[in-house]
Every structure is written in structure tokens, then in C-alpha cells.
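I have a structure here, written as C-alpha cells, and I will follow up with some questions on it.
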């Protein structure tokens, strides 16, 4: 449902993928006492980009809601300061069998919910099974789970349908109290969410504000410094900056590129940023229309310069990306980025014309580029459209669609609906998160998250697709790496996508806020094993 | 007794921008000759003429020359310049993005395109949608109003309830819903804004027709077996033309405002086509750092709509001397 | 009748300054009104009757302005001009201020009844409320007393059940009833002079007769003087004691009503008399005088009536006749502005007759006239 | 006929209009492309899910059946035919369905948002009336004097300026550069102080509410202000040359009293009419104002609904917009009747 849902969907994918990567020790959590001591209390005013709409993790499906729920609830595991796992409600990392389809997790005996009830294995089971049973909108996040066994009060065993490498990310799912939730689901979702996190839900008016308050009886080690946090949605970038400037908000999320320097120039505020785990790209319809021809895709790559476009319209809120994988993956997997980078083409209209000519595309062709309601992606689309006009096409159209219309159009594979689209995907730090969902022809991706149909229609596409699917269920890192490199090489050559950029999670933070931490996947941390935000008076 | 004739039902008419019932006792030609003596109205007319000329030229360059003129002698209104200098201020000032240059007298937009050239080509959208949608409203409203007023009875009832219904849903909401249903392109904005104007014209025409209907010459024509459609077309409508023209002039301004609002919300001309409302929308992110990018298109709308209002006011005053200054 | 006039009007001149030029709506008229009499001002639409009436109480609206003349009411200078140092005409210091006019004259001494009873009452206030307000202002009585006076007065003018009708709104009254209300309003303030500006024109004939009868009765009872402005000679005959005939801003004949009817000295008066309506016709349907009155913005030279006058001679187009006494010795004063009379010695009899040019050149007159009136704030004719 | 009967008659007259609104809304909404179920379920719904959800929202039935059903749902009273005596079944109550996007009843959502929009619109009209009427009266009184010229230029600019642009300019100047007014949100004056940060008691709430209202009110109210000024001026001019005003003058009534009473009250009749008619423009304008100032009223609700293809919500909001307008018109009509006795007594006007 809209961008949020879509991004959330992809964001949640990060939780379900990957296993062997996160070698973060569980010990890092221990001994994390409030070392800042000092000024306790106060209200932090936080401006979100959109209003949250629900607070029951079982049904929850959008980023703004998740941003808040991470403080009201705990998952079995959570992220450390980057992309590693730390146990939260769990006592330790999960025990995994050799076939990698059984996960056993032990729950911290001290953990309890805001209503005083202990966190039990039944609650955990409910939290994971309810989406499937209730057929919620986000049920596909846990669809790899076959069954869950309650071993004892404190121990659960997850039985998977198939070996699923990134399952530890799935285990980040927030845990709800079964009894309280099933009592009145509606009320639990919107009026009285109960979790085990450091903050209690106080009040919410849709579109207006959400207030959470420090839970004084928190069972965990780190008591938040903040007394209350009030989240307010401020959709308009300029207005958000204005509320930062005049002190209405202490922290704002999302800084438009044009205002970056303005925030940088503020005396009493600064920017905190971290590269997000995401991927924004221009994609071609390889199912229908001229873009099925690789020559045409090549030609289109020549009508504009993605470097230029990103530098003009995205930086400094994001960075240029040359492959489907964000920098963190390039680093961790040691991908041959330089080679992939070489597939980038400079703008060369003559070359483009020649290629179009070769491919025999009529100059009267009606190009249709669809973009979601997002300025940056729209600008990329307009840049391509301008390039096509320069190359001699007179009928080029950029359609900025609402999320609803966009999501139903970009997967039809019909050239009347789109020749190209721009889209983003934020995933977990595993190549599978990007390669499988965007470029494979698996049943649950083609025409669902993959609107290019490339994996379906060309030899290269089929080959690459097979490699990505294979890499998914392999448990060997080197084998997977090789498969991804081979598959991605094919992608770079075939150009079903032109990689564009990844965004930073950027925040404007007033100087009275200390120890605020932007986070690559959780957006930001207010209180965790590695930080604890406080307000200076 | 002459004065009493002109006193007709002013209470009902209200004299609003949207809903003015204008009593005309004199012909169109006389009205125009009166307007000629009103400097404010003439100024409005000149500005309207100027903007229309720009719009026609822009449309010609767009449809016929495919921006040959713009590219050869000026700049392409959509295409990115080769050397992008984004969000430059007007030539005489500077901001964080740099110092204004005379190449871009009013500055550049978020894509580094010349604001002036986009304002120039944006005139086409404002003027064409303003005129065409009003024309749709006028024709639709005239038909509905004439039929309703001429036939009376249940036809009148049905049509007037329909018109009230159309009027009851806020213009902007109705057009947004309409465009959500049929498409966000300009043509649907045009039709949508046209449709929401139907009630205004229908009421105006209807009230005229009701009074004309009983005139002797209409009775005579009817008695002579002239077809109803012919009576309406040849006698009833021409008789109401002057007030409709005044209303239409004012309505063009209203339509331009509605379309600007729609474009601002993303319903209307789609990028990269330049339209004023959309320029304001696009300027929102950079409003703080380069307010000029917001100011210019706002001024363009203001001046154009004001010109239509000035001219329309002049026409109305000429038609209805009681309201004269 | 006392010998000293209640109201003296001398050379009263009112002009409208419009874009098209100066309209000489009232151009130096003089007449007197004595206590207890009904003085008539009669003439066609556009003759300046109403402006004259308004000028007397200084209610001429923009762009109209009284530019010369004197009006004395009980010796008080309502209008008085003198030449200033530059030789321009300017109001004298003695002339009543606007505030004095409002406080002491309007309503209290001189009340006015307008032409159109349908328009003269404020539609959003009750009849009684409006009546009461004016009584309070002009008779310095409290609210309840004013109400009592108002109810009495309504009864007096023949409104049945005045207590309950007191609280009704104007639209619940018929035209005739409203005119009665207006008469009650005028009388209730106990003025010395009531100016009735075509008070019956908008009414139908039977109602008009009733109203005239009522006025006659009340005038006798209260002894109030009236200036009765009308275009209808029939009304004049019925009600007036003395008549002033106006044409294009000027008084062209002035006489006791009997004298005027039996021995009129001006062709215009004769024409008016000839146009007396019969009960089966309305005034508008008759078109008794050839042609349309020219615009006062550019009056004809000489005698202003000469283009329409059946007896016009060459001299009439050349010389402008003043309004002088044409009565024979021993007769009551009778003034007229026509060269036919022996009092003038300009060679009328020798002068060759003129071709009738009635109406030519004025075909668009109606529209223009309407505009000019609208401009002037409406001389209700 | 008294005010009471007049009111009832006016209310009855609106029924066909309300049915019309429902009809237009229903068919327009139905024409919106895109499949709400698809959007609701996200990118990978199984075929079974789709069918279930379709049935859940009644989307599997033919159009006309859905139309009749919807009509029955939204009308307070509806009679369904049935096989047994008395052959009809009574259905009461209004049900606008459940919002797909918010998963709460549409009525609940609207009731949250409607007061905000009403407050905004009411505030805009109060601002417009309070400024426009004195300005219009003054302008008429000093016709063709400098005051009049200024007032006329101001109102001309006012009717010609896009409201959302005014809002943006106000934000730049007063919120960003001068930092004297808040740029976002609205606080309802009856909000609970406990729920509003920075407020401890009712006084705080009222002040905050007022401060937050200033810029949105000006943004939305300027057009109305200008329009009303223009009408007030011409209406006053009209009335100042009315016979009854001249009569009052002839009876020695003071100019001030004339201006404030004799000419003023009847001159307000067209103002009332225009306020009623302009309600539709103001409600539309509130969509823009809400977007500019980040105010959660009906306007942003309908935009959200449209962007998410939330059919029930789109229909519900549109119907409520229509209802607000219809009620507004009835209220203005009745106040018109209150000021102008001619109306309620049923006399046809000249």
C-alpha cells in the first residue's frame, strides 16, 4: 500500500535473509549500563516523514509505524550499531541444525511485558504464527515457517519449510503478548499496544502525534534517559526543516537534498547520517516493447549520465551506486565493484542514436516512463526522458503515479503501461535480498517484485535468475559469492536495470540532543546497547 | 419607472465572483464600448491579450515547431541544460547555490532549467485550461440552463437538482476524484474543471431563460411552430449572451486558480511539461534556499488571474451601471 | 394664509457634474409655499421636479450639487449663496450646516414622502420600528411614547388593527398601505412642511384616489403645508392650491390652481392639461406631448420648450423667456415664461413660425437619460 | 409560513441532492483504476486471498448491486424487499463501510478529521467576515477616496492569488525566517491539555490553538475575505442609494446610524448568500491549506484515500463534504430568512 508499505515490505526482507554473515557476539549486550547518567527525562520531539497507522506488529506493514514499534516492543534479536545481530528477548544466538531448517531460541527469563506478564514461548509462537493464521497483509514475511514448537516455557523451535539462510533476520520480528492481543485485536493495534520494550505506548492520534513514555519497570539493563518521545509526522521537507530550525522538533528524519546545506549551516543543529541498505534503480520492461532489445537498453544508457543525475538530484542525501548491492555488501562480500562500475556509460547521444538506429526503433515511438511519487526518482525519470528527446524522440512521457497505481502498473509487463520505471528496494545486508527479489524469475518474484521480466525473457536473464535462486538456498558462503558474481555480471551486461543510487538515513538533530544514532536498517536508535539519547537543557 | 426595472432581485444575485447574476438591458456592443472607457478593465484586457499571445505562441512552438524556436533562440523549456546550475537566484542576487547570471534572468529551477522560459511556456497550460475549461462549463451550463429554464416543470427539477449536486461537492474535491478516476493528465483537468463550472453557468442562463421564455416574441415563435431547439438557439441563448460573457471572463480566472491548485497537488500537467502550479509544487523543497523559484510562478498566476478579474469587473460594470464606480 | 411664506425658494440652481458634462437639473427656480397650502410642482419625467424637492432639504446626492440660489424656511437660510472674494459663488456663513439641517429641519420641520412606497420602507425592519425610530428622533420622546404615537398615527391614516400591524414587515403591506405608513411617518413627526415626491405614481388609480382623499383630510386637520410633486395634472387639480409647472429645470408657469386650469398661459401647461388621463388608460400609454424632452445636459437655446412647441416661432429659438407675471391687473399673480403673453415684448407675433422638430435627434434619449439618472444617484421619476 | 416550516422544507429539498452526491461519488470512485485488493494485499497475494478480500469488501458483486447496497448503507432508513409479510424489511443507521487503508470504520476516521476541517473553514470565514465587512463598508462609505482604492486593490489581489502560494510565502516568512508562528498542524481548542505537549491547562490550549490557526486561516480566508469585501462594498453602495436610506436621511437620522443600521443590515443579505455558496470553494481550498500546513483534516484524508485507492474512504469523505456543504447552505438560508423576513413568509421576491 503506498511507498511505505512497499519499502517496509522490502525492509522486512532484510530480516528474513541471511544467516552466516552476522558474526556479532551476543556478549556485546552485557554490561551496558546507562553510562551517561546525567540529565534524565525530558521530551524528545521527533518529526517523521509520514504518519504511522498501526502498532500491532502482527499486522504492521509500514516504516513510520515500525520506527515507533521498535521501542515499544522487542524482538528475539535486534541489530547492533550496524547490521549485526544482538539477542534482545533471546538469551543467545539461535541454535541451528545442519540442514539449516530448524532454529531453537531460548527466551530471557527476566523479560516481561508492560502489563507485568512474562514473555513466554507461547507469545513468541503467536507473534510468528498469527500473520499466517490471520492472513495479514505482511504474512509473506513469515511464510517460510512451517511450524513452531513450544519446547518449554522459555524455549521455542522454528521449523522451516526450506533452508532459509537469512532467517535470523526474520527472528527480529517484534513479540506481542498473546493473551492481551487476542483479547481485543483492534484495541491492541491502535489504542493499547503492549510490548516488552523500554518505552510504553501512551497515546496516538492518527496523523497528529504518537507519544511513548519511558517504562519505569523495564526489565532490561538500559533504562532510557528520555522520559517521553513524541513523534509527529511532517510530510513536507521544507516544513520539517522549519520545525527543526524553530525548535518545534529536536530531531527530524529525512532531509531533502536542496536543504542539506541549509541544515548544515544551522548553528544549533547538525546532520547525522548513515548509509542505508537500499538500492534505487532504473528498470526496463524486458517483456514488451523496444526495451526487450538489449541494444535499446544500451542506447538508453547512452542518452543520459547517471553519475550526473545522481549528483544533481540525489546527493548529498544519497550516494551513487553501480550495482544492485549497497556498499556494505560490496565490502562484506568483496564483490568486483570496479568491473561492474565499468559498465557505466557516459552520455553519448551520437552513440545512442546509432544504437537506436541499429535496433530499428522508430523515432515516433511513445516512450512511457513511470515513476512513484518521489522527487528523486521522478528526476531520474525526467532525465532519461530528456535524453530520449535529445536523441530525437518527440513522444516521451514521465508519469508520476500514486503508489497504488504505480504498484499495479509496474509489474504488468505491458509496454503500454511502462517502458521503464524507477524504483527503490531496501533490503537486509544480504545479496539475496536484492538479486533474488528484483532479478530472479522465481514464482514469488516475477511480476510481483520483478517488473522487468528479464529473468523470464532472455537467455542471460534465465541464467542469472537460476544463479540467484540457487544462491538462495546454498549454505556455503564462497559458493554463494561466486553465484552472485556470475549472475550479477550477466545483469550488468544485459542491463535490465541501470543502478542509480542508495539513500542515506539522514537526520537533522538539534544540538541539545546527545548520543543520537542513525542506523542503516532501523533508521535510528534512541536507546540500545550502544547508545542512549538524552536531552541537554 | 426606469429605475425599478434594474432593481430586479439583487438580493439573490449576491454579486460574487462565482455567482453573479447580471442584469443586462443593453447589448453586447454597448457594453464593450463602455468598457473601452474603463482604464482598469482595458489594462486587464491588455494583460489578458498579452498572456494569450504568449500562450498561443508557446502552443505553436510546442505543437508545430516542436520547440524549434525555444531551442534556436532561447532555451528548451523541459530539457536539462548541458551544464546544470541548479536553483540559481535571479540575475541580480545570490544564494547558497551561487550568484545569479543574466543567462537565467529569473534564476533556475531544481533541474537547472531557466525559470523564465518555463514560466513562458507554462502560460500555455494556464491560459488554455482556463479558456477551454470555461468553454466547456459555458457550453454545458448553457445547454443545461437553457433546457431547464425553457421547459420548466420536471425537466427543470431534475436538471436543477443535478446541478445542485454538482455544486455541493467542493470543486477541488470533485475534480480530484474525477481525475483519480479518469487520469491525471491535463485534458482531464480541463474536463473536470469544465464540469464543475457547469452549475454557475446553468443557473445564470436558467434565470435569464425563465424571464425570456414568457416574452411575446418567444410565444409568437412557438405559436408559429418553430422547433423548441431552434427557439432556444436562435432567441433564448443569444438574449443572454452578455451576462454569460461577463461571467465567463471571471470564470477563466477562477479556472486558472483551480488548475493551479490541482497542479500543486500533482493533478494536472505532468512533468516535464511546465505549468505554474506544478512549478510552485516543485519549489517547495527549495523554498527556503531559493524562494524566487516559488515567487515567480505565484506572481504569474496572480497577474494573469488579476487581469481576467479586472477585465471581467469592467465588463460587469459596463453591463450593470449601478455597480459602477 | 399668512402673508409671509413658510418657504421661499429663489433662483435655486442644482447641477449634476457627470463625465458627460454638467446637467442643469434645476436651473434657477423660484417659488413660495405658504402655511397651510398644498403647492404643486408638476412636469414630465426629467423636468427636475424631484431634484428641486430634494434641493429644498439639501438631500441632493453626488454628483449633484446646489450651486446657487436661496431657500429660506421660516426665515432660516437653508440655502444661501454669495460671491466670495474671487467672484465665485459660495455658501454663506449663515447657511445652516449639515448638522443643523439634520437636527432641526429634516423630519422635524420638513418631512418627505418618496415616490415609491414599495422601496421606501426598509424590508428588514418592522414597519412600526421604522416609524418609531423617526418619531423618537424628531419629537424627542421615549420609546414607549413613540410607539404610542406611531400606533395612533397608523390608525389615523386608516390602517386597520394598527397594534398588530405595528410589528409586521413592509412586505406584508400592500402598496397603498405602505404609502399610508409613509404619510403617517411624515405626519407623526409633526413637521410644518411635507414634501411629497410623486407619492401616488406607483399606486393604481383607485388606491391613488383614496390616498389623495386621505391627504386632503389630514392636511385640513393638521394644517401642514405640502409640496406635492407630480406629473399628473389630475392630481394637481384634485389636491393643490398653487401650482408650479416645470420644464427642463425651469419653472415655466406658476399660478393658483384654478387660474392655471382655466387660463393657462404656457403651451406646455396646455399640453399637460390635454394629456389628463382617463380612468381606462394608464399614464404611460398616453403620449400626449410630441417628442421627448431633451436632455438637461444640453438644453435647447431660447425657450427650452420651443423644439416641441406647436406655437414656437423663430424668436423662441433665439431668446430665453424668464418667468414673469402675466396676470392682468387685479387678478391673482400668475407667472408664465412664454412670449405669447403680452408681458413679453420680443416680437413674438412678428416672428415666423418654426418647423416642428419634435424628437429628432433624441431617439436614443431614453437610454441616455436612464444612465444619467443612475449616475446621479437616481432622480426618481 | 414560519421559520420552522421553512427549515423543514429546506431540509427536505436537500434529499435529492444528497442522493445525487452519493450517486456521483459511487460511480466516480468505481471508475478509479487500480485494484484496491491488489494494493491492500501487497505485491504477492495468492489467488485465494484476493477472492476472500473481494468478498469481504463486497467487491465481487455487480456494479448496480453494489450501488443499491451502498445507497442502502448510507441512507439512515432503507426498506429491503422480502418474501414474507410485510414484504419489506427496515434497515436503519448509516454505514459508510470500513477504510481499507486505516482498517477502521470510515465514519470514525471522518469524525476524527471533520472537526479539524470545520474549525479551519469556520476560522477562515470568521477572519474573512471580520475583516471584509468593515473594509467593504468603509470602502463604500469613502467611495473613490484613497481608502476605497486601497480596499479595492487589496480585494482584487485577494481574489486573484492562489491560496496555497500565500500559505507557502507565510511559512517562509513567519515560520522560517521570523520564527514567530508554527508552520504545521492544528490544535483543536477543545483538545485535552494532557494530550498536547507544552500545554498544561485550557488557557495554554486556547493560545496554542490560536497561534496554530493564524497562518492557515489567512491562507484559506484571504480569498473569502476579498470576495466578501467586494460584495460588501457593492451591496453597501447599492443600499446607500436605496430609497429607504434616503428616507432615513430625510428624517434626520445620523449618517452613522444609517451606515450601521439602515443600509447595513439589508446589505448583509448577499453576503449571507455568498458565504453559503462559497462554502464549497472554501472546503475545496481547505484541501490545499491542509496540505501546505500539514493539517490532518478531511482534505488530506481524501488525498490519502485517493492515493491508496481506499474506495470506501473516498466515497465517505466526498459524501461528507457534500453534506457539510448542504448543511452550510441550509444554515445560511435560515439565517437569511432570519434577517430577511420576506423569505420565511414565503413571499416570492420581486
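A few remarks follow.
In order of appearance the chains are A, B, C and D, and numbering begins at 1 in each one.
Quick note on the criterion: a residue touches a chain if its C-beta (ideal position, glycine included) is under 8 Å from a C-beta of that chain, and two chains touch if they have at least 3 such contacts.
Since we're looking at a predicted model, the values are computed, not measured.
At the centre of the protein atoms shown, by the Cα-centroid criterion, sits D. Ranking every chain by how far its Cα centroid lies from the centroid of subunit D, the top place goes to C. Just count the C-beta contacts per chain pair and the biggest one is B-D. With centres set at the average Cα position, the gap from subunit C to subunit D is 53 Å. With centres taken as mean Cα positions, subunit B sits 45 Å from subunit A. Subunit A and subunit C have CA centres that are 90 Å apart. As a whole-number value, the distance joining the C-alpha centres of subunit B and subunit D reads 23 Å.
Those residues of subunit C in touch with two or more other chains are numbered 116, 119, 378, 380. Residues of subunit A in contact with at least two other chains: 236, 238, 241-242, 373.
Touching two or more other chains at once are residues 7, 284, 287-288, 322 of subunit B. Interface of subunit D with subunit B (complex): residues 16-17, 20-21, 23-25, 28-33, 143-144, 156-157, 159-165, 168-169, 171-172, 176, 227, 230-231, 234-235, 237-238, 241, 269-271, 273-274, 277-278, 280-281, 283-285, 287-288, 291, 299, 302-303, 306, 314, 317-318, 321-322, 325-326, 329, 340, 349-350. Residue ranges on subunit C touching subunit D, taken from their complex, read 57, 59, 61, 102-103, 105-108, 111-112, 114-116, 119-125, 130, 133-134, 137-138, 169, 171-172, 182, 185, 189, 377-378, 380. In the complex of the two chains, the subunit B residues touching subunit A come out as 66, 78-80, 84, 86-87, 96, 110-112, 184, 266, 270-272, 282, 284-290.
Across the complex, subunit B meets subunit D through its residues 7-19, 161-162, 164-174, 176-178, 180-182, 253, 257-258, 260-261, 264-265, 277, 280, 284, 287-288, 291, 294-295, 298, 301-303, 305-306, 309-310, 313, 322-323, 325.
Taken together, the subunit D residues at the contact with subunit A in this complex read 33-36, 38-44, 49, 52, 101-104, 109, 112-113, 171, 175-176, 179, 182-185, 195, 197, 292-294, 296, 300, 306-309.
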